[in-house]
Each structure stands twice: as structure tokens, then as C-alpha cells.
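Right, one structure below, let's go through it.
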Amino acid sequence: MSTHEPTEAATDGATAPLAVELTGITKRFPGVVANSDVNISVRAGTVHALVGENGAGKSTLMKILYGMQRPDEGTIAVDGREVVFHSPADAIEVGIGMVHQHFMLADNLTVLENVVLGAEPRSGLGLDFAAARRKISELSTTYGLGIEPDVLVDELGVGARQRVEILKVLFRGARTLILDEPTAVLVPQEVEELFDNLRDLKAEGLTILFISHKLDEVLSVADDITVMRRGTTVASVVPSEVNSRQLAELMVGSALPVPELRESTVTDRPVLTVDGLTVTAADGRTVLNDLSFTIHAGEVLGIAGVEGNGQAELVEALMGIRALAHGSVRLGALDITRMPTRKRRERGIGYIPEDRHRQGVLLEGTLWENRILGHQTRPPNVRGPLLNRAGARKDTERIVAEYDVRTPGIEVAAAALSGGNQQKLIVGREMSGEPVLLIASHPTRGVDVGAQAAIWEHIRQARANELAVLLISADLDELIGMSDSLRVILRGKLVAEYDPKTVTPEQLGSAMTGAAGEVSTGNGEVA
Amino acid sequence: ACGGSGDDSGNTATPGSGGGTSAAGPKMKVGMAYDIGGRGDQSFNDSAARGLDKVKAQYGLDVKELEATAGESPAQKEDRLRQLADGGYNPIIAVGFAYSESIGKVAKDYPEIHFAIIDDFTEGTDTGDNIANLTFAENEGSFLVGAAAALKSKTHNVGFVGGVNTPLIKKFEAGYTAGAKAVDPSVKVQVKYLTQPPDFGGFNDPGKGETAANGMFDAGADIVYAAAGGSGSGVFKAAKAKGKLGIGVDSDQYNLPALASVKDVIMTSMVKRVDLAVTDFVTSVHDGKFAAGNKVYDLKAGGIEYATSGGKIDDIKTKLEEYKAKIVSGEIKVPAKV
Amino acid sequence: MGRFSPRSILLGLAAPIGALIFAALVCSVILGVTGHSPIDTMDAMVDSLTKPRLGPRTFVNSLNSATTYYLAAVAVAIGFRMRLFNIGVNGQYQLAAMVAAALASASWMVGAPSFLRIALTLIAAMLVGAAWAGLAALLKVTRGVSEVISTIMLNAIATSLITFLLSPDRMGAVDPSGNDTRTAKIDVGGQVDGLSYPGTGSKIYGLVFLAVLVGLAYWFVLSRTRFGFELKATGLSEEAAVASGVSVKRMVVYSLLLSGAAAGLVGMPALLGDIYTYSSQNFPSTVGFTGIAVALLGRNHPLGMGVAALLWGLLDNTANSLDVAGVPKEIVAIMQGVIVLSVVVAYELVRRYRVRLEQRDVGRALGTTKAPVNADAEEVPA
Amino acid sequence: MTAGGLTVGAEATAAPVRRKRITPVTYLIVVVLAFLVLAAVRTMTGATDLTSSGTVAAALTAAVPIALAGLSGMWAERAGVINIGLEGMMVLGTWGAGFAGYQWGAWAAVFFGLLLGAIGGLLHAVATVTFGVDHIISGVAINLLAPGLALYLSKLYFSDAPGGGQKQSPPTGDVAHITIPGVSDGLGTIEKKEWFFVSDLAGLLRGITTNLSLLTVLAALLIIASWYVLRRTPFGLRLRSCGEAPIAAESLGVNVYRYKYAAVVISGAVVGLGGAILAINSGRFNDGQTGGRGFIGLAAMIFGNWRAGGLTTGAGLFGYTDAMQLRGESAVHALVLLLGIALLVLAVVQFRNRHLVVSGVALVIGAVLVFWFATTDKIPAELVGAAPYVVTILVLALASQRLRPPKADGVPYRRGEGG
């Protein structure tokens, strides 16, 4: 493996003109230096990948290049000319477009409105809807995006939203595209389609800056790779000279943890028995259709699926947040179909919600108040109807210590913690009070490798102590590595069952998109 | 009787025993506490202000005028009166029955000061040796304008717009209806109150007055009596747009600058001489002739009148004077309640 | 970093004091520009608190106003805590005061022991207030009607209903002066004695202790009970509360009922301690809206609202003195508005500063404040 | 505490599928049917005021300030700023109109109303956009400040003006009113015949063609213009994007602060105009003149689902019942029957949609109302004034709730902190 100083990369590609050159970029936030003396050169007409741990400063750097943040030090040159951006408008002006890590879409506006926003074609005073529609259809066919301009974004799935984001950039005639983790929410097949699109774009001479945590993807699509660690560039490599393991080690500075369960602890004591679970939405659509499964003590059941296929509804139904239209749910021998959420939690169901900021923590509450959340009827947090503040504080200290939550104290607001540390606090809380069942939605999403490993380890230990786990994740490696058995959910139905020991991510991906056709249960071996 | 027009300057006034003023001494200090509308409401409070202005010019008074705030507590009313009393104002006039409770309490603590309250007389509440209650027989005046309305109406259909549904305004209604029926027992009297207490917005919402009056005109009325304070201008506006007539209240509204644009539809007004009551009262204190207790300003006392400005009722004046004479003589007893 | 560190206390004080100074400046400018002397105005306000007779009276009146405002603020704050906007405190307290006044003055009550009568009156007021607020709760949880609209509408409906009920054929009584519509007077047995204060004949409402009690209860319930925790949690994040097993619908109902019950008490100190009748003329009629301002100014905090209520009461009760001094008393309302606005701006600025400090502390604790150039020092747990 | 309120109870957030949109044709059919029922009730009860031209005209006058308040709220909230300070800005508008009107006439009054309202809006924008103050708090502060300021200035400027006072301005004068002569008279003749539907329609048309204030026309144009600007122009799109997804807007180079400022200042100007119209229609500025119309406008806006057409309907409903209750008790009595029938129809509709509980409640209330109508001659005068409020609550409670506020409404925004 050969790595060289970032500056050498520039000389390396001296033959091609530089589309973008960032020199000496430094950006400080209160308490953090997000970027420190970063240097990157991007050759025109290439796909340049940027990799690094969570919080390494990738997004910040890209936001600086896109004019959303102003660097404290350093310069930006585009096509050889030095530029200063005051807002994204300036960056768009010189042909830079960015697809953000999180969707930047207004749900209640149409695709057309989202796309033209800020760059509207006009006729007189008004917006020229006809011209916009024409141009969008044109772009959509050219790049095979399959986008209808007049639907509300609200009605689109994640894949389509991602394509709308790309369309937004193309609509503005960008020559340099920044894609910040565009594949995080896509299944392998969608990722392939996206990469095909990227290759088309590259062929037309566009330059692409691409961020991903999925190193295989990076290796398959990138021409150059820059590695960032703790706010600065540590290496510049070309894909042909590294493998993903080496790349990962460059990122973290040490070996990668792997999600895996060591030995089976599955018992034959059913903890959660779901039978014919059906859920309908407010508008009468069936969002979950006749789901049945059982999780035993000491078993992790993984659910694979493209986001938006009913996972969220399933979790909510199991937690008692959403009512069932039909079917029953039993916890052990107890029928909990109509039990309110609190009672379920009191009976020993732990819950790691998918969106920690919205559902998992009170951002403005202190850590010990967050410790009480969801456990407000149980010791050590309460005595009867009264709070036991001392008890809660003490137990928070325990969690902070046991789960390695990095914080200056338990009186700070949860908002002051980084996402990974918030997640560790949530995991610690939900593992308290000896739960019998853990419902874990994306427990390691957006968490860095160290914290990820710690969370896996905690789940493993609890499983050994006969915890039953329902695991939902978009990370197929995590699903395969951490599950005792796997189910695939598609359009609100459980369509396939696999043995995690033998299944490949590609197989899972096919089943998740329905591309597997008739494979259903037949293909999978029952665990 | 009218306030004497004797001397122009207060300095030459006769020294009064109770008034606390003397020829050589400082000016007599008069405190006035208005109700919510305050000076310039073109109505009730303004009438009191006119009286005050007159005596001020006449006697060279030192006056202090304060007014109430909407929604305030009784304690704040009481405090207002006490501040005047502590400030050495004597006499003190409270304009409006809202001061009824407070004046009773305050007067007890300041026996040397003369108080007057306009529009209220409640035994045990605002009565005392140093309180004069200046009240009006609004029903009598309303009777006369009711009679005028019935005499003038071609449709035998007249209207009454009350500002807020309070007993006081009901007194106007009672007199008005009685007057109209006395002339023409078959006359139809439409009645509408704009708001219900504690919402007193009805005294100050011409828009509501206009809508209500329009409703009455559309339903056949051709003359509407606006016992609605500031909302009356809306009634006149409606009348003007529809070529009908309105009757004013409290002052001679024909002559108010604020109503100049609609004066030609103001047939008459039921005039309540608050100004007269104020000048009478201040004069009495000035002259050392303060008298506690209820003084009723009625037709007989000249405290209630009907206005003839504009000449629209010149033709029926004799008839109205007949009714007036009968009321004064007691031959007609005007009801005070609906 | 403790909540009570010197820095924290200093920052906590900086906002309100800075805001008050700023508000005084703004008002001085307004006064100056319109030809009134800010100094004289200040003088008049100070005088109203220090002059013999006037001073003690202003103080007592302010305390009495504050008592009423505080109760209204608590009523509002119970809802605000969970982002429920009970704009309807105004209607709730008036309706409650009217019914309670009718009950307390009812002839069958006259013989009863004083304590019992007062207790019954208070309970009735709370029940009526809660019931009227409960309508809004019902509409919200069953039909999703925004409580903002429904409580605005219910305020207006309460006004009509009160007038309807105040008729002597219903709950009202004939007023001897014929000038008012009101309930019968509550006789001595149903009244709550006031406390004398040296230098003035005005008395401090006996029910000032009720306000203190309500404040204590508010503090205790919110910070020490499960219910209070759930209320706060719902306010901070509705979805997190749902996920943690809070039934938000139930919380809406409970908190609106509690809020309404507290609102029901708003009129009681004045009713039982001073006015003794519900009168359409003379009963304070806008306290509910004042309560909103006081709650916001006091940041829903039991002590903060107390300070805010006192400040409000003081300002309100110096208005007459200003008028006497020849300064338009409306400057008080302007002052109140400016204070609310500048206090929240100041709090926001301090909050931003505090967050930066907090993040810096966190950064320090984690050792990321200084950018490590070579990060190999820290190893990742395997 | 952040603004925005709880979402509980409003099931609207769900249903990301394509919703059935009401086409103009169905809308028209529903309106015509409703009017038929109204005409039928009028014929049955003989309460001509239900559809008389006078009622329509009065309703229009009453509705205009409320509609403008609602429109104002919509401008601000579409850009993500909750404006509960409408009431205060409206007060500023009334005062501005009083101040300018008596000196320079009614059109100057209009302009000053706009101007003072806009200044109020600017204050709200500074507080909420620049300083990130909670929108509700800022609004409450403005509601405190504005009436105080108006009164303070009144004492200064109006006390000594002829026809003015401490709490009111001298007369403002009025703008021209238009009547289409032949049409109005012809319709008047038809209206008097009391023919079923035909006379009712004539009353409706006559009401909007007779003695129509130019200010009403102005308000109508403003509503249409607002719709056009917000829905059909780049400016409007950017403004709405700030209320739906400000960070997305920022990421496309939209200066979110600028659009929020623009929206809130326009909001202030619009409600200031509403205040000015109120003052001019009343003939002058008056303390307490707005009487909560700002809040009612806010209610109309929520009622109308943050849409121009919807809030106009809400304001119209309110103006209609308000006009009715002021014009005559018999009409309000008839209104009880109308409401009863409407509820019974709703009960049937909801029954077919299988909303059994709602249907049942509507049935019971509807039946009670019809019974009440049948057994009484009039409604107690004290309760008549509550009619507009009761009707609004009932409509909101029983109509299906599909409210969708702008997503980032009331959410604080700071540049460079998102994403």
C-alpha cells in the first residue's frame, strides 16, 4: 500500500486541470476544530471520494466548498481561479452543486417547486411553470431519473428523493457535484443505479466529490480517494493500490471492529409472539399486512428492508404507539395487543428508536432527566408518584461509566453530547432494569466505529443473558453479523427468511427490492 | 338652574366655609375622575368635561383630570380617588357609576372633602354626608324622543340601538318605548343591544351600530334612537346611506364636530346635562352650599332636554312640550324599567 | 458544571437586569421625544412607593394585583409547559368567578360555617374553570381542534353565558342602584379577611396565601412528580414522550383541566377579599391575558413568575401616580411590552452564549478542543 | 418552550399518499347545494335576513378586517414565523389610520395603516428572525406594546384635535362607495318577491353590488394577489420554502432571513390595512376598536388551513353570523335550524364514511338544535352574540380535520446551523 502526502496528489494528476483546489482550510466551532489545515485537489472529470470516521470533518469541508459555511482560514480555487463564497448562491454560480447528507427537501412542495427553488425560470412576474416542467422532464429522461414534476415530495420514497436531489443539482447546470453520503439510505441495487448515473455524468466531463462510509463502494467508483481523520487529511490514495481493510485502518488509525455473534444462545422460550399483525394508516391504506413471527429468549431477529416498507410502523405497533387493525402480540404468555406503551415498557420491553433526536432524547433535558425518560414509573427513578432524583442521578452516573458516555457531567443538556454519545446513553438506559425484549431500530446509525463496537458488545452480552432482540437496520453487514435469523420486509409484508450464516448482502438486497421475484421463503433456510 | 354667570374670576368669589377656598388663598382645586372613555369621548365624559371647563374658566380653578383604564380593578379606581384626595383636591367628581363602590369607601376616610358621583345613587354604598349623587331621569328624555320618533315615523316602525345591555341603558329603552307607544300604541319598536357586559365594546363600535341600524331600517324602521355612546355614529351613517333618520344621545349630537358629516340625519337628541350637574356641583361647593344626597336631574330640573338643532322637529315641538309638561306635572309617569 | 456555579448565577442575572435597563432606556427615549421628562416619570414612580399613605397603599395594591396575576400565570404556565396554549384563562376565570360568587352568596349558604363556605366556593370555582377548559381539551383530543382557536372562541362564549346567567331570574341578583348586573353580595361569613398593613387602610388579600400555596404545588408537581416530568417531557419533545410511554392525549386533558382549575382561582382573592360580588361592571376582566405575559416573563418558573407578577403589579399600580404627575400612564403598558421583549431577547443572547460555553466545556472534557494533528494517540476500543 | 404547539389529535400529519383534491367543480356543487339549503330554510322560516342583501353587505364589511388579519397571518406563517401579534399590529393600523385620516383623508389613512402595521411587523421580524425570540412571546409583547403606544400617542395627538379625544381620533373620512345603479334596483325588486332561491340569489348579488366600499374591493384584490404571489411567483415559492424547509432553501442560495423579514413586514402591513379599514368603516380610531379581531383572524387562518381561499371562507362565515346576530333575532333563530340541518347532513355523510362516533355526535347535536328551533320563538338576547363563536367551533369540530401548517412554522432558524 502506498500513501503519499495530499499535496503530491495534485502533482500526480498534473496532466488534468484541477476542478477544485482547497488549500489550508481551517474551520473551528465552539469547542471543536472541525477542519484543520485541509488540502485537497480534485481533478476535473473524475470521481473523487472522501472518507473518514464520523465527525472527521467531511461534511464541514464540503459545506465550506458549497458556501454554506465560511472557513476561518484557507482558500478555495475553482477551475484554477480563487473564489470566495458568501452563500451557496455564489457556489452555484461557479457551477458547484451539493447533495447533502440529509435530504434538503420541502415535503409540502412539489418536485418541480423543490427543483427550481432559487433558480426559477420566469415569465414576467410569475414563475414559468411550463418551461420548468419541460426542463425537468428533459433532464429526467436524459439521465434516466424517472421523476414526475408535479407530485408532492411527501409522496416519494427515499430512492426517488435522492434522485430529486441530484436533479436539483443538474437543473442548475452544476459542473462539480458534491454527494455527501448519498448511498446511506439506498439498497445495493439502487446504489448500482446511482453509480451508473455517476459514470454517465463523469463521461460528460462532470467532476464528482463523493463521501461514503461504505468502503467497497468507494473502491468501486472512485478515481482518487482522500482520507480524513480528526479534521485533517491524512492520506491520498488511488483505489487500485488499497483494499477496504487498509482504507479503514487509515481512517481510524487502527483495526476495524466486525459485527458478529460468537455462538448461538437461542433458547426455545418464546418471548415475543406476533400473529397476523395488520396495521392500517389514517387514510385506510394497509401499511403492515398479516405479519407473524416469534422471537425466543437469547435470539436476535433481524429485519431487513428498504426504508419506508413498514419497519417504522412495525416498531410502533409493537411499542403500542400505533393501533393494530388485526392480529395479536404476546409477550411471553401475556397478551399485550391492547396494552398502552407504558405498561409494555414496565413489562420489560426496551426500545431504541430510529430517530434519536426526535424520539430518543429530550435534547434540552439533562442527562439524568433523559435517564428517567421511558422509565418514569420504575425504580430507581421514582418512588410512587414522586421522582427519585437522587436515584436517577446515581444510576445515570452508572450508565455514563459503564457505557463510556463521554460527557463532562450528568447535569449537561443532552444536546451538548455528540450523536454517538447520545446513542450510548440511550442504549444504556434501555438496557437498564433487565429488559426481556429489546426493540432496536438502527442502533448504530451515524455512530462511529468505536461506539459501534461498544453497542454491539452490549447487545451480545444481553443476548447471552437471554434477552430477545428485534433488530432493524439499514446496515446489511450489521444485520447479517448480529442476527440469529433474518426476515425481509417489503411493502408491509414479510417476504423472505434467510439464515444469516449463509446469506450475502446482494441476496438480501434483491429480496428487499422485490427483484428476487419468486425466491421468497423458498430460498432462505430457516434458522 | 344654570351655573351663575356672575364673576369672571375666581379670586373675587365669595369665601365659602366648606369649600376651603378664600379670596386670598390658593385656587380651588377640583379633581375629576372620568370613566373609561375619558375626555373627548364625544359623549358622556365629554359632557362632564364641558361643565368642568366652564367652571374652570369661571372660577379660575386648578383642575386635575384622570381617567379609568379598560379592565382595571376596583382597587385602581379607589386609588385614583385617593390620589386626588391626598393631592388636596376638593371637591372630587367621579364620572360614572363604575365609581360607586370606590367613592363610598374613599369618602369615609376623607370627611373634609366633598365628593360627587354622577349617575349613581345606592343607599349604603355611595351615600354619605360628603357625597352628592348626581343622577338623571334619562327615561323622561327618552320618552320625549320616543314620542318624537313615533310622531315622525311614516312606517309606524322605529328602532332602539343600545350600546351595552346594562340596566342603565334599559332605562333609556323603557322611556323610549313608552313615549313611542304613548303617541301611537300600534307602533313597532325594534330593540337591539350591541354587546353584553362585561364586553363594553358596544359603546365604541360604530361598525356594529351601523349593522344593527341597517337591520332595523331594512325591517321597516325609519327612525332609530342610538343610545350607544360612540357607536351612534354608525347608526347615523346607516341612516344617511338609506335616507332615514337617527336620534342622538347624551349631548346635542347635531353640534358635535365629530359628527359633522352626518348631522343632517340627526333628528333630535336626548340631552343629558352632565355639564350642568358638574357646574352646579362645583358652584355649590365654591359657594359653600354643598348638599349631600341624591340630586335628580330630570325634565323639571332642566337636567334632561331634547335638542332642536337642525329644526327637524320644529313642527311637533308643541306636542312634545305638552308631553313634557305632563311629565313635569307628574301626570305621566315614565317607567324606568323595561 | 453545576447549575449553581457562580458563572451560572451571574449569567442568570445578567439577562433580566440588562433587559430592565434596556427597557428603561427605551421608555426614556419615548418620553423624551414626546416632551415628557424621564426623570420626573421615574420620580413619580418612586414616589408612589415611598410617599406616606401612597407608598403603603401602592404596595398593598401591587401585592394584591400580583396575587391575581400570579394565579393566572400559573394557569397559563401549566399549559405552556407542554406547549399547550391555553389562551382561554380569561374566559375560564370569569365564568368560574361568576358561578362561585353566585354560590357563595346563595341564601342556603348563609348559615354554614365560614371555613366550609370558603372551601366550597374555591372548589366550585376550580370545578367550573376546569370544566370550561375541559371543553377545549375534549375538542382537541377527540377532534384535533387547535386549542388556540377553541379557547379564543370559548372566551367570547363565556362572556355571553355570563350575561345570560347574571340575569336576576337565573344566578344574578337585583342591584339596588339599578346600574349593574351582578350576583348578590357575599356576606361576612363567606368572605376572607385581609391582612392589615401599616400606613394604609387597604388590606392585603387573605388569599395571597392561596397563591403561595398554588405556587408551591406547581413547583412540587412539576419538579418532583412523575406527572410533572411527563408534562415537561411532552413539552420538550412530543414524539420522545410518546415513545417513552406518555399518553399525550391524556396529558392534554389533565393539563388543561389543571390549568382551568388554577384559572378558576384567579378571581377568588378579589372576590372574597375585596369585591364580594361578581359584577359585570367592576370585576377585573383582562387578567387572563396579563397571565400570559407574566408566565412568559417568568419563564414558567414558579419563582420567576412570582417576580414577574410583582413587577407587573407594581407597574400597573403606579399608573395613577404617573397620571397625576402629568405623564400619560400608557407609558406603563409600553414599558411592560418592552420589558417582555427585551427580557426574552436577553435570555436568548445569554442562552446562545451559555450553549457555546457548554460546548466548549464538553469539548475540553473530551479533549477535542485542540485539534490533534496526529490522532494515533487515541485508540479505539476493539 | 418552542412555538408550534402539540400535534396530538390532528391526524393530518399521516397520509403521505396522494390526497383527493377538491376540484373546482365539486367545490361549486357543494356551494350551490349549501345555498339551496339556506334558501330553503329562509323560505320555511320567513327569516329574510338569512339571505337579504343587507346581511350580505354587513357580512362583507364585518369579514374584511378578519380576512385581512387571517391573510396577514398566512403571509407570516407561510414563511415560518408565527404571528400572534396580529392584534397589536392591527391596533397600530387603526391608530395610523386615525392619525392620517383626519388630517389628509381616507386614502392617507389607508397608507398610514399599512405603514404602521408594517413597522409592527418589522419589530416582530427583528425579534424573531434576528434575535431568535420565541414567536409567541414576541407576539404577546407586541400585543401589549401596541395598544399602550396607540393610547399614549392618542393623548399626544388627538386630545386637542377637534372631534378627537384622549382615546379616539377625529373622524377619518371615508372612501368612495360604488353601487351599480340599474342592477342594484332590479335585484332589489326580485329580492322583495321572496321567491325561493331566485330572491335569495338576488339578495346575495345585490349585497355585493350595492354601496360597496372601495376598501372592500381593495381587500378582495389583495387576497387574490396574495394567492398569486405566494403560489405562482418565484418570490412566493422562496418565501414558502422558508416556512417548509428553511435549511433546504438556504442550501439553494435563498437568503432565508431576507424572505422571513419580507414576509413578516408584509404580514404587518396587511393586518395594518385591516386595521385601517376597520377604523375608516367606523369613521375614526378608537381605543379597543380591534376587539380581538386579530385573534379571530388567526382562527380563520387555521380554519382555512393556511390557504387564501380557506381563510376567506372562515372570515366570511364569521362575518355572516356576526352580521346576522346584529341584524335581527329571528334570523339567528333560523340559523339554529340551518345549523341543525347542516349537522344532520354531516351525520349522514360521516355515517357513509364510517366515522360512526362523529356521525352520532353530529346527529345528536343536530337533532337538539332542530328541536330547540321548533320549540322556541327566539333565542335569549344574551346568547345571540355568541352565535359566530359557537358556529366556528362546531364547524371546526365536526368538519374533518385535514390541517397542515407549514412544517417549519414557529421553528427557530439560524443561518449556517442546519444540515
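As written, the chains take the letters A, B, C and D, and residue 1 is the first residue of each chain.
Here is the rule we use: a residue touches a chain if its C-beta (ideal position, glycine included) is under 8 Å from a C-beta of that chain, and two chains touch if they have at least 3 such contacts.
According to UniProt, the chain labels map to these proteins: A = Nucleoside ABC transporter ATP-binding protein; C = Simple sugar transport system permease protein; D = Nucleoside ABC transporter membrane protein.
Bear in mind the structure is a predicted one, so any value in this text is a computation, not a measurement.
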| item | value |
| --- | --- |
| A-D or C-D, whichever has more C-beta pairs in contact | C-D |
| Chain separated most widely from subunit A, comparing mean CA positions | B |
| Averaged-CA centre spacing for the pair subunit D and subunit A, given as whole angstrom | 44 |
| Intercentroid distance (Cα basis), subunit B paired with subunit A, Å | 76 |
| Centre-of-Cα separation between subunit D and subunit C, whole angstrom | 29 |
| Centroid distance [mean C-alpha coordinates] between subunit C and subunit B, Å | 38 |
| Touching two or more other chains - residues of subunit B | 67, 70, 165, 196, 199 |
| Multi-chain contact residues (two or more partners), subunit D | 11, 382, 385 |
| Contacting chain pairs - touch in the sense defined above | A-C, A-D, B-C, B-D, C-D |
| Subunit D partner contacts - residues on subunit A that touch it in the complex | 59, 63, 66-70, 87-92, 98, 100-109, 113-114, 116-120, 122, 125-127, 129, 151-152, 154-155, 168, 281-283, 285 |
| Interface residues, subunit B side, partner subunit D - complex | 36-42, 46, 67, 70, 165, 190, 192-196, 199, 201, 204-208, 210-212, 214-215, 218-219, 230, 233-234, 237, 241, 256-261 |
| Subunit C-facing residues of subunit B, complex | 64, 66-67, 69-80, 82-84, 86-87, 97-98, 100-101, 109, 119-126, 165-168, 171, 196-199, 336-337 |
| Subunit D residues touching subunit B - in the complex, by the definition given at the top | 49, 52, 54-55, 57-58, 61-62, 158-159, 162-168, 170-171, 173, 211, 278, 281-284, 286-289, 291, 323, 326-328, 381-382, 385 |
| Contacting residues of subunit D [partner subunit A, same complex] | 11, 14-19, 228, 232-234, 237-238, 240-241, 244-245, 247-255, 404, 406-407, 416, 419 |
